[in-house]
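Some structures are shown below for you to check.
Heads up, the next two complexes both have chain A, just with different partners, chain B and then chain C.
Up next, the complex of A and B:
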């Protein structure tokens, strides 16, 4: 059984302009010990999905439908105190910005030990021991001396390590990492990714990695979920999605990327822009940007169907795998 | 071939003030002696991590910052010795495109007014300015009918196109592009990259393309210059810098960039750097990369390596090379 199962999740923001459907019927699973990537561009709903799982959607946002089953319990139905008991304990999150996510007036020992005292009932001494262990685990040198320091005394990469250490403090079953390296330089990013890989194999936690960087996905994850305009458009194993993408958005995204190891004459961009989530379209949200769009695409939202290697929501599938392949290989 | 722009030993230091009395406590050497040439119709990529001085270098070249030292020659003319008034025709020849398409446009001016302002300052297209604005907007793929709109009506990618149109308005030869696609989503990023490439071919433009994204730089640049803590460490044709990086920093940088292909990723060896980045305020003697370099030797900590030409336009500043 999956550790996390999301069924038809809907989260909306009720703004003065109207309802923004940030997450509009999203379903997926994350297995035990599995690293799954949630990818898509800004505004596609990937971060809101993460916040919905954590029960941290800020107002005027609200989870308005669906189920989030974590270890057999529906998180959307849990009370505040019960959710607080899970958060930071068995379910934890690393957020995007290491600069603003740490409390500047608490030293490292107090800050990292808070969860341990609260969730695990450790006394000050035991918590201190565990914090030291965590600092070593995430590769912060001179841990003993660092315990008394404050966040401003750490560099960006080091702060992100602190965030990871804090998230791992109670050995969570699941770690949600929301763009954990976006704010960092590439050489520091490489260190953090190595660290996540190592932790995954050592602690066998599940990871839900939220990112727009397909390169990181390729190096770290086993499965990919592609989101567009608040919906899941494709899922599959990393190999399947990168080698044999089924949705025009997925292959468009991969084709528009410049690659360090290849020389491309011209990039093939996806024309147009992501849709306005205030006015959700009747049909497939990608249809206005899709050069293979058919009449039905603008009229009716395609159902998620299971293919040989994953799932996809696209009307092209009705024409058979050969037609999909031909469409994909047709270069603009 | 004569270079369009010659940068020699460019320096820009910022005084560091500390405490309530703003006492000067040393100099932050953001750009500390960089030299390169820019040839007509080429794109030179300037890459490096945050804080390495690449943006400062770009801004100092166009004198948005007053230089601390060095010279910049445009067609042989030293532009650092010119008065503000004499700079005006120079500014027409070198333009800039900025990183943030949200803060680099005046929200109270229509797109047409923003572009017209540039034409007015330089006294261009007199009598047919509206027509010229329309042409420019068509050229960047927005359409002339957009002239009456305000910046908030556009998305990030479209705003970056407005920035390009504004830069092109004065018919420059050199454009300094400072992270022009970093704030954009990947699918939109490719649109702007293609636009810059097409315009270069059509108008014979020369670009200094500043970016931290090596994959983008490799794609768009003919040559690449790698910067670390205020100095250039390696300059080479872009295929060379990927196939045969010589400086240990370039090597580490290349290996750190994830490639969107699981088969390639599973085969890759990463060079993970350890150690802290040296502070640009109290620079150590010797090579600036020594504190993080996996191949460091004793002399690296004492003597600063000079830039040497290893042939084929490939320059590198490292004691272990050459």
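Up next, the complex of A and C:
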């Protein structure tokens, strides 16, 4: 059984303009020890999905439907104290911006040791030992001296290492990394990805990596989930999604990436804007931006179909694999 | 710091001598001989520069000279007897203000735009806008006259501190409440608060350990000047409650042209203010690790 199984999750923000359906019926699974990437452009509901799993959707947002089964328990039905017991303990998160995600007035030992003392009942000394071990694990030199320091004495990359150490403190079963490299310099990004790769091979935690950067997916993850406008449009193994993507949105996403193996003058953006989530469309949310949109696409939401290598929600599938292939080659 | 104090002492000395009239000027002119005697005794007929030099020399030795109005009392006596009273009153008032203001502000921030917030901010608006002497009158009427819980005036017993301290605390408490609310709201929206929640900490732990410490920094800034202000500005309250504090002596001394008292108390308050501000600056280092004492970079 999967460690995390999300079924038809729906999270909405109730703003004064109306209900914004940030996550609208998302389902996927993450297996034990598996690394899964959740990709899509800004505002597609990736982060809200992560926050929903953590039970930290900020108001006026609310999980309004679906199930989040984690290690056999439905997180949406857990009480506050029970959920707190899981958070930071078996289920932890690395957030987007390491510059603002650490408390500026507490030292490193306090911030990293806090979870250990809370969840593992460690005393100050034991927690300190474990924190030292963690700092070494994430490659922070002079750990002993660094313990007494405050976040402002660390660079951006070092802070992200601290965030990772903090998330790993209690050896969680699942680590949610919400765009762990977005706020960093490119060179630092590479270092953090290397670190995550190395940690993945050493630790048994499952990873849910949220990113809009397809580049970091390949090296780290086994499976990819592509989200668009609060819905899952395609899932599959990394190879399948990169080599044989089925959904027109995934094609666009991949084409908007710089590639070393193909000389291209310029990157191709996906035309148009993602839909307004206040008024969710009747049909496929990508239809207005899709070159191949058919009449049915704007009328009816396509069902998730299982293909040879994954799943996809697209009416093009009805035309058969040859048609899909031809359509894709048109853009390449 | 010493330079600041010297400037204050000098400016006060000059201003005081610019004001027309003198300590012994009255409607009925004194006989010439008497006037000369008095002036000789208090050395008022020395040239200005000599008085200034004498005064500064005595100041360094912390001898503030005799009062012109109160026969046989020195300024040092007046400060020694009046300041502890004002200090107790002031510190109690500030403590009350912190105890009322900070929790009210935290509560208001946590229940933003709900009834506790509205209530706290309404009370804060009242607290900021009602002057302390009106507050004092109300407190006297309700708690001393109607309910008879506390004595209406005078000084000496702890129960007599309550009403004047409350009257004085009104404004700073309201101010603290607003300040706490604003900075708490700002801190609560920070990413590190989400990080703290993501660690599985309880809401109380997040607020107390992670949010409050950051939110209190602006309050701390205001604390130094406030303490000094409350100790000096309590004149009206001291008058209403007939409290023999320093503020009362200070203001009376200005009416009386009691040169030595004016100068002495001014310098004393300046020292107090400068010291408190210095302590606040030092306190920052404890509160906010981003601030460090460093050598000025060359």
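The working rule: the second predicted complex is superposed on the first by the 325 of 332 C-alpha atoms of A that agree within 3 Å, B and C clash if a C-alpha of one lies under 4 Å from a C-alpha of the other, contacts with A are read in each partner's own complex, and residues count from 1 in each chain.
The definition used in the following text is that a contact is a pair of C-beta atoms (placed from the backbone, for glycine too) under 8 Å apart; a residue touches a chain by one contact, two chains touch by 3 or more.
Here the structure is a predicted model, which means the values were calculated and not measured.
*Asks:* With both complexes superposed on chain A, which partner does A:164 reach: first (chain B), second (chain C), both or neither?
*Replies:* neither
*Asks:* Contacts for A:189 in the overlay, against chain B (first) and chain C (second): which applies, first, second, both or neither?
*Replies:* first
*Asks:* Pick one for A:269: touches chain B only (first), chain C only (second), both, or neither.
*Replies:* first
*Asks:* According to the stated criteria, A:54 is in contact with first (chain B), second (chain C), both, or neither; which is it?
*Replies:* The answer is second: A:54 touches chain C but not chain B.
*Asks:* Just to be sure I read the superposition right, which of the two partners does A:232 touch: chain B = first, chain C = second, or both, or neither?
*Replies:* neither
*Asks:* Using the superposition on chain A described above, determine whether A:9 touches chain B (first), chain C (second), both, or neither.
*Replies:* neither
*Asks:* Looking at the overlay, what does A:209 touch: chain B (first), chain C (second), both, or neither?
*Replies:* After superposition on chain A, A:209 lies in contact with neither partner.
*Asks:* Have a look at where A:92 lands relative to chain B and chain C in the superposition and call it first, second, both or neither.
*Replies:* A:92 sits against chain C, while chain B stays out of touch.
*Asks:* Considering only the defined contacts, which chain C positions touch chain A in the complex?
*Replies:* Against chain A, chain C makes touches at 190-192, 194-202, 205, 209-210, 213-214, 217, 287-290.
*Asks:* Please output the residues of chain A touching chain C within their complex, sorted ascending.
*Replies:* 54, 56, 58, 81, 84-89, 92-93, 95-97, 100-107, 114-115, 118-119, 150, 152, 163, 166
*Asks:* So in the complex, the part of chain B that touches chain A is made up of which residues?
*Replies:* 49-50, 155, 157-158, 185-191, 193-194, 197, 212, 214-216, 218-220, 239, 242, 252-266, 268, 270, 272-273, 276-277
*Asks:* Please give the residue numbers of chain A that touch chain B in the complex, ascending.
*Replies:* 41-42, 155, 185-187, 189-191, 193-194, 212-219, 238-239, 242, 252-254, 256-261, 263-264, 266-271, 273-274
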